[in-house]
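For clarity, chains are labelled A, B, C and D in written order, and residue numbers in each chain start from 1.
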Amino acid sequence: MERLNRHQMAARVAKDIPEGAYVNLGIGLPTTVANYLPVDRDIFLQSENGLLGMGPAPVPGEEDWELINAGKQAVTLLTGGCYFHHADSFAMMRAGHIDICVLGAFQVSVHGDLANWHTGEPGAIPAVGGAMDLAIGAKQTFVMMELLTKQGESKLVEACHYPLTGLGCVSRVYTDVAVFEVGPSGAGVLEMVEGLAIEDLRKLTGVPLRESMALPA
Amino acid sequence: MIDKSVVSAEAAVADIKNGSAVMIGGFGTAGMPDQLIEALIAQGAGDLTIINNNAGNGETGVAALIKAGKVKKIICSFPRQADSHHFDAAYRAGQIELELVPQGNLAARIQAAGAGLGAIFTPTGFGTLLAEGKETREIDGRQYVLEYPIHADFALIKAQRGDRWGNLVYRKTARNFGPIMAMAAKTTIAQVARIVPLGDLDPEAVVTPGIFVQRVIETAPVPLHAVA
Amino acid sequence: MERLNRHQMAARVAKDIPEGAYVNLGIGLPTTVANYLPVDRDIFLQSENGLLGMGPAPVPGEEDWELINAGKQAVTLLTGGCYFHHADSFAMMRAGHIDICVLGAFQVSVHGDLANWHTGEPGAIPAVGGAMDLAIGAKQTFVMMELLTKQGESKLVEACHYPLTGLGCVSRVYTDVAVFEVGPSGAGVLEMVEGLAIEDLRKLTGVPLRESMALPA
Amino acid sequence: MIDKSVVSAEAAVADIKNGSAVMIGGFGTAGMPDQLIEALIAQGAGDLTIINNNAGNGETGVAALIKAGKVKKIICSFPRQADSHHFDAAYRAGQIELELVPQGNLAARIQAAGAGLGAIFTPTGFGTLLAEGKETREIDGRQYVLEYPIHADFALIKAQRGDRWGNLVYRKTARNFGPIMAMAAKTTIAQVARIVPLGDLDPEAVVTPGIFVQRVIETAPVPLHAVA
């Protein structure tokens, strides 16, 4: 079995983003999905801090620190993009104007509950940012994460034990070994890397998994 | 390539169905998307719920839609005007249902829909006929009425210029309900005086970002100096 | 006793609008107050349909029917004025950003209740427009009306019998014969036209009236 | 003649008092009104409640205000960052109270204050720690949490250009919370790169109408080509 690296995961997510989609990419790993969106497709990247039509990073030395993304990295604006204030930006999310948001996660439950903002450890300073708004607002929320923690525990779980970001909000989980659908009827496997069997995934995750290999190309 | 421009008003409104809820921009005739309304009348969908500030003026626009018998219900703030005779007649004949909403609550409820809120407590209307039977609450010593968002299947609006991504700018007080209706409808259709190349609209001055607009039609061409 | 005519009433209201005030003038009689605002004062007229810095009517023949006021009359925009959408416009009112609004009325109660939108007659088609928002939203709501109906009944009343626009929202009432303050402690007379005594006003209105002639110049 | 321009940042913030609630614009450092914050620190008011998206970055702005011990409570969405060490230290020492609010609820609550609403039902946060103890309600099959407006005594914001009536335009993503904070505070103070003559701002492109701004200061003069 060959696990996908982070670049391959990003490319895999990018493949499922159709032309014309309004997309918000969360900070960290999901941000890299932008690098794999085909340049011949009009895909609209939204950033919570008030821009639509976000372009790639500027040439080094030409950063404008008043043109940044949610991760506070310098970005650019595509021709046809525009700026707006924070209330309009979160209206875009909360009312389902954003088609797809891609988020990282600590844990996702088979029913689509998401935990990605707080470890709940004593002494940890919590910070939520836009995660809760994105998770429950977008038409579809994709999670992108390695399936296992460094300790080898599955991040796809029966029920999240970390504090929740949102209930039943995730529809699909892209990992380094498989793509899952999650939701009210539990989890299904849509794709696996070569050399992996569904039984292996059941062992790795410890959760019931349907075979749902019917993802349209 | 995404191009939201549609060849004609007829094509733009083709999928509006009997029973649809349709927001129509405009304050009186300023900002009223006349060509889209004409196309809607010709298209034939009926039993419509119309959301507009008024209930039609004179013989065109919303008035013509009412006259044509297409409107089952209207949600508005100011139906009775000197020239609202088509609404007046339909209302007195019991052919049209009226939900009268104070103008600011109308705007706030449309904005709430566009922002994904479930309900809002607004002070306007408390203690009046228009709040009868509604939930009220005192918050920080002031009285509020619980009002729900107004969603729509379609919004028909008028803007000054638009581009193929659906970005819009408006003209003077014709802006009025356009920006918030665009946010509140599942499908927003904008008639604009001119479709301009992508990048012509100043990104700092775009009033309605393209995400809120699904279709744009250019109305009868007008000489450049008249639309500047 | 010489009653004020409509022009004199408008001039009287205008006198109480200080420099820098944000003001909304209701349709009908209140609109004429604009004609009496001193040109050397910066006073900001707001129109509910999305403009601030409203100027006078255009020269006949130069009307722009996309630049209108709440009464759908052609107006102009002063240098420094601007446009905005309806939700922002009513936010200006509802949250008390507007300092003064001037409205007409069918009736005002001594406690400041306002009735100005509906006669409640059977068959009458109701229309409310922005009246309810303006009445309860502005920092101060002034009413401008003739004191008596054509039938000689006082429009300043103990309790409105027409359907209400707002509760306890009016602070001052400008009429053709006197200026009243109204509110939680009832009505007071601030000014009377020459030749009128407070006893005459008590007879005309049939309501208890304090002498409150302490209006600062 | 109304002229809202104030001669200095010091004069602009002079009446901020101990215990005031102060909104501060910015998302990280973009849109942070650094000169107003410096003047506020120098002015000395303490026990402040600060409303900002973050809790300071590095050594300047909100971070410096926290370091100076002026902040009793902060309402924000994203306090913990790589360079939020002054907040982290104050928080761990129990010297600062934190009200953590999801970013969209923060924006919606500020907007609700500016619009005079009493409360809003928002879906964000339902079923999470951040909604614990709050009223919830199912509306049309979706779960919502009741959230209250966030008002402030002052808003300190940064814009690109302003005029003597207080009209403002912003620059790129430095716009962020500026327009809604301006609407929600009793007194809004804007630092702008340039104060321009009345009429220089396009009335169609003004983002914050002057009614929402009480004071404008021009920051250190910058050559024209750098602020265009």
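Simple rule for what comes next: contacts are C-beta pairs under 8 Å (C-beta built on N, C-alpha and C of every residue); 3 or more make two chains touch, one makes a residue touch a chain.
Only a predicted model underlies this, so the values are computations on that prediction, with no experimental measurement involved.
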Those chains which touch subunit D and also touch subunit C: B
Euclidean distance of C-alpha centroids - subunit B vs subunit D, Å: 32
Subunit B and subunit C: spacing of chain centres that average the CA atoms, whole Å: 29
Distance between the centres, which are taken as Cα means, of subunit B and subunit A, whole angstrom: 35
Multi-chain contact residues (two or more partners), subunit B: 108, 115-117, 122-123, 170-172, 204, 207
Set of subunit A residues in contact with two or more other chains: 77, 83-84, 87, 90, 93-94, 137
Interchain contacts (touch definition) - all pairs: A-B, A-D, B-C, B-D, C-D
Residue numbers on subunit A that touch subunit D, as the complex places them: 47-51, 64-68, 72, 77, 83-87, 89-90, 93-94, 118, 123, 125-133, 136-137, 163-167
Touching residues on subunit B, where the partner in the complex is subunit C: 27-31, 53, 77-81, 87-88, 91-92, 98, 100-108, 110-111, 122-130, 143, 170-180, 207
Parts of subunit B lying in touch with subunit D, wherever the complex brings them together: 108, 112, 115-123, 137, 139-140, 142, 144, 148, 169-172, 202, 204-205, 207
Residue ranges of subunit B touching subunit A (in the complex, touch as defined): 1-2, 113-117, 163-165, 167, 183, 198-199, 201, 203-204, 206, 209-212
Sites on subunit C touched by subunit D in the complex: 19-20, 22, 42, 44, 46, 52-53, 77, 79-84, 87-88, 90-98, 137
